[in-house]
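Paired with subunit B in one complex and with subunit C in the other, subunit A is shared by the two complexes that follow.
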Partner chain A sequence: MAFLEIEDLHVHYGAIHALKGIHIQVEQGEIVTLIGSNGAGKTTTMNTAAGLLKPSQGKIIFQGEDITRFDAPQVVKRGICLSPEGRQVFPELSVLENLTLGAYLRPPKEREETIAVVYDLFPRIKERMHQPAGTLSGGEQQMLAVGRALMGKPKLLMLDEPSLGLAPIIIQEIFDLIVRINQLGTTILLVEQNAKMALRISHRGYVLETGRIVLSDRAEALLNSEQVRAAYLGG
Partner chain B sequence: MFFQQVVNGLTIGSMYALVAIGYTMVFGVLKLVNFSHGSVFMVGAYLTLELSLALGGNFFLAAAMSLVLTGMLGVVIDRAALRRLRVKKADRITALISTLGVGTILDNAVMIGFGSETKAFPNVLQLGRFTIGTTVISWVQVIILALALVLMAIMSVIVYRTQMGCAMRATSQNADAARLMGINVNQVIAFTFFIGSLLASIAGTMYGMYYEAIDPLMGSVISMKTFACVVLGGVGVLPGAMLGGLLIGVVEAVGASYISSGYRDAIAFAILILVLVLRPQGILGKKVADKL
Partner chain C sequence: MNSIYQALAKRQGLVQILLLAAAAVFPLLVSNPYVIRLSILSGIFIILSLSLNLLTGFSGQISLGHIAFYGIGAYTAAILSKNFGLNFLLCMVAAIVVTALFGLLLGLPALKLGGYYLAIVTLGFSEIVRLVEINWMELTNGPLGINGIPKPALFGIKLSSPRAYYYMCLLLVVLTIVVIRNILESRIGYALGTIRGDENAAKFMGVNIFRYKIMAFMVSAGIAGLAGAFFAQYVTFIDPTSFASDQSTLVLIMVIFGGIGSLPGSVIGAVVLTLVPELLRSLMEYRMLIYGVVLVFMMLVRPEGLLGKINFKHIRQRCTAEPPDGKEGS
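== the complex of A and B ==
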């Protein structure tokens, strides 16, 4: 049994059938990437795993426990934290308040320690800890969003489009940090438009197309696959 | 004369402010104008009166029971009339109409239960009055204002200094992100309704003591006026509700005495219209600026 198992997952938005039976497995310690074009169902997959959306069919099993019907807070409690698409920091709360909320379900005395780890990973946001999050630059907000998810001390960290809208130099920095977080022992499920960079740091990848998995393989194999190169890596 | 009206205005304004806090907190968390809030204020006053009669005149115990029961009424309103709409992701206008319905039900339930006539309300704090210059101030006014200020201070501490307050502000800014933090959003909303309704009950009891009379429709006027206070101060901003309440109370009292008391209610709504035209975000409100 894999660390995270998504089996035959179907999700509907009203009449729209967004996910049509997908299977994904993530092993402990891996970085796994979902790639695919807009509307393929990547964010839907992440939001469903995080408990924000309820699937119409299928199962999500984490460490042997069926979490399919869990609400978001219960999923967080089990150790799955999502840094959502578009960052979604709380703009009027300070950086420190944002981070503290990330550890909402954990005992207050453990927070200090995790905050120190997060500040160590992202020194730039430490400098701004008393500023409202809405005043940070896009890259800093992304770091805050990832840091906030880390505050929950996740066993599985899910990152949805961490490079979206950022300058190339910041993107490189974010990807380096993802590798570091993984090396510190956190399993990562990543969704990225920037398929090439994402696959380079990943162990395995899945390709989604209109709600279905069309390809899954080791990341290197996907990077070298003709089909993937043509569709997602710009030839 | 002027200072007399300022004192009177601050007294009434502090009741407006307490009701406005409940309005603005619910708006902050749900982006919903809760039009049942004025009726909750009225129910608070009635519960204090009827419990006090039932308990043989033990007014303070009655007031304490009323604030807990009214707080629970707020939670029940959310549970019965609003939560299902949230689950179904209904339009906000649907929820708003639902609160109008709840308000009507409460008003009529009180009329059926306790009669539609105006009832005498005991003012147990017959502590007399004192004068400063030509201004006459009753101790009831002092107590109402002081209690309101203390409650506002406590609310500020809850909202800005506690974990629950932080969860409330987070929910108000982005409910889905709040869920991803592990915040139980329904719990936060229930807490918001409880606190807001509890404050409305205190304001209702104060109102009864100050005017020594209550009636089942007292909520609807208060509802519209405190809505004006909320808009004046800045919707969803806690200090804005407090400031808006006190300001409208004072302007209304001063205006009523210098223009004509017949215009008392019109003054509050004239302010509402002016604010909407000149500064739609209110005095302390911020223009919404989202970074993409």
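== the complex of A and C ==
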């Protein structure tokens, strides 16, 4: 049994059939990427796994436990944290308060230690810890969003479009950090439009197209696949 | 302006003690009953603004019907003390419990609704409460109101001098501030902040939205009910006109004027907007015009309100964190 197992998942938004029976497996210690164009169902997959959406059919099994019907706080408690698309940091709260909130369900004793780990990964947000999060740059807010998700000490970290709207040099920095977080022992499920960069740091990848998985393979193989090249990597 | 805020933030404890001392000495220096009455009225509006700010400012649940809770509290206290001879302290406790239950009731639709839709529901709720107050003759005596509400007394001593009322009101104001501040500085306060900020993001943090929204409604309603109970026992006569929806708007204006999400702002907003129409009384019918101009001017110059977006805690942390640059500031 895999670390995270998504089996035959169907999700509806009203009459719209957004996910049409997808299968995804993530093994412990991996970085797995979902790529696909707009509307393929990447974010829907993430949000369903995080407990925000309820599937109409199918199962989500995490470490052998069926979490399909869990709501978001229960999922967080099991060790799955999501850094959502578009960052969604709390702009009026300070950086430190945002991080503290990430550890909302953790014992307060651990907090100092986890904050130290996060500051070590992201020294730039440490400098700004008492500033309102809304005053940070886009890249810093993304780092804060990832740091906040790390505060929950996740076993599985889900990152939804961490490169969205960021300058190329910052994107590189974020991807380097994702690799470091993975090396520290966190399994990562990544959703990206920036397919080339995401596949370069991943072990395996899935290609989603209008709610179905059309391809899954080792990341290298996907990078070299004609089909993926033509559709997602710009020739 | 920034340096003023910094100075205030650094000396927060001192400022609070001085303000409290001034409020405590005030009725000993001023004996004019009209001034004392205005101070008590300001105090009641401070409590109402603070409770609405907890709900709307800190938790992001817009309420246009806050005065309904105030009314329910007032009627609960009036009926219990007049018809059942209950002691005034028990009346206040009962008013808190009853209004908190109504808060629970109004909190349930808020779980599904937000923004404008919730505003409409709260407005509807307050109209229903007002209509019940007018039409349920047996309980509320309808438009005639309830008069001769017993004045508070403790161990046979009447607490009905203006000064006694003033100190009682001051005590309730301080109590409200302490309760709300403790809530906001705890985990609950953070949870409420995330609900206001972004409900989905709050869920990713593992915040139980259901529990905290209901709690915000119950606590906020309970505090407004307490203000209502005090009001009933202070004026000894209540009728539905005191709890019409224009009063809800007035409290909301006080919160916005002082600054959404600022406790000191709510206190200042309530005091200023209670006093301005009184100070302008000599201008007769022009006074409400000037009141309106003051509000419009305020919104043009400082749309976030007097102290909106000024977080004294952050300012203080930045002040104390900056000098020993590079060292741990926490």
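Basically, the second predicted complex is superposed on the first by the 235 of 235 C-alpha atoms of A that agree within 3 Å, B and C clash if a C-alpha of one lies under 4 Å from a C-alpha of the other, contacts with A are read in each partner's own complex, and residues count from 1 in each chain.
Basically, a contact is a pair of C-beta atoms (placed from the backbone, for glycine too) under 8 Å apart; a residue touches a chain by one contact, two chains touch by 3 or more.
Since this is a predicted model, take the numbers as computed values, not measurements.
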For this session: In the superposition on subunit A, see if there is space for subunit B and subunit C together, and answer fit or clash.
Result: clash
For this session: Determine, under the contact definition given at the top, whether A:152 touches first (subunit B), second (subunit C), both, or neither.
Result: both
For this session: May I ask you to decide whether A:168 touches subunit B, subunit C, both, or neither, giving the answer as first, second, both or neither?
Result: neither
For this session: Check whether A:81 is in contact with subunit B, with subunit C, with both or with neither, and answer first, second, both or neither.
Result: both
Exercise. After superposition on the shared chain, which partner residues are touched by A:29: those of subunit B (first), subunit C (second), both, or neither?
Worked result: neither
Problem set entry | Which of subunit B and subunit C A:50 touches, first, second, both or neither | both
Exercise. Is A:102 touching the first partner subunit B, the second partner subunit C, both, or neither of them?
Worked result: both
Problem set entry | Contacts of A:138 with subunit B and subunit C, given as first, second, both or neither | first
For this session: Could you tell me which stretches of subunit A are touched by subunit B in one complex and by subunit C in the other?
Result: 50-52, 71-73, 76-77, 81-82, 84, 88-93, 97, 100-102, 104-105, 148-149, 152
Exercise. So in the complex, which bits of subunit A are touching subunit B?
Worked result: 50-52, 71-73, 76-77, 81-82, 84, 86, 88-93, 97, 100-102, 104-105, 134, 138, 141, 148-149, 152, 165
Exercise. What part of subunit B is in contact with subunit A in the complex they form?
Worked result: 163, 166-167, 169-170, 173-174, 176-184, 289-292
Problem set entry | subunit A residues within the subunit C interface of the complex | 50-52, 71-73, 76-77, 81-84, 88-94, 96-97, 100-102, 104-105, 129-132, 148-149, 152
Exercise. Can you list the subunit C residues touching subunit A in their complex?
Worked result: 187, 190-191, 193-194, 197-198, 200-201, 203-208, 261, 309, 311, 314, 317-318, 321, 329-330
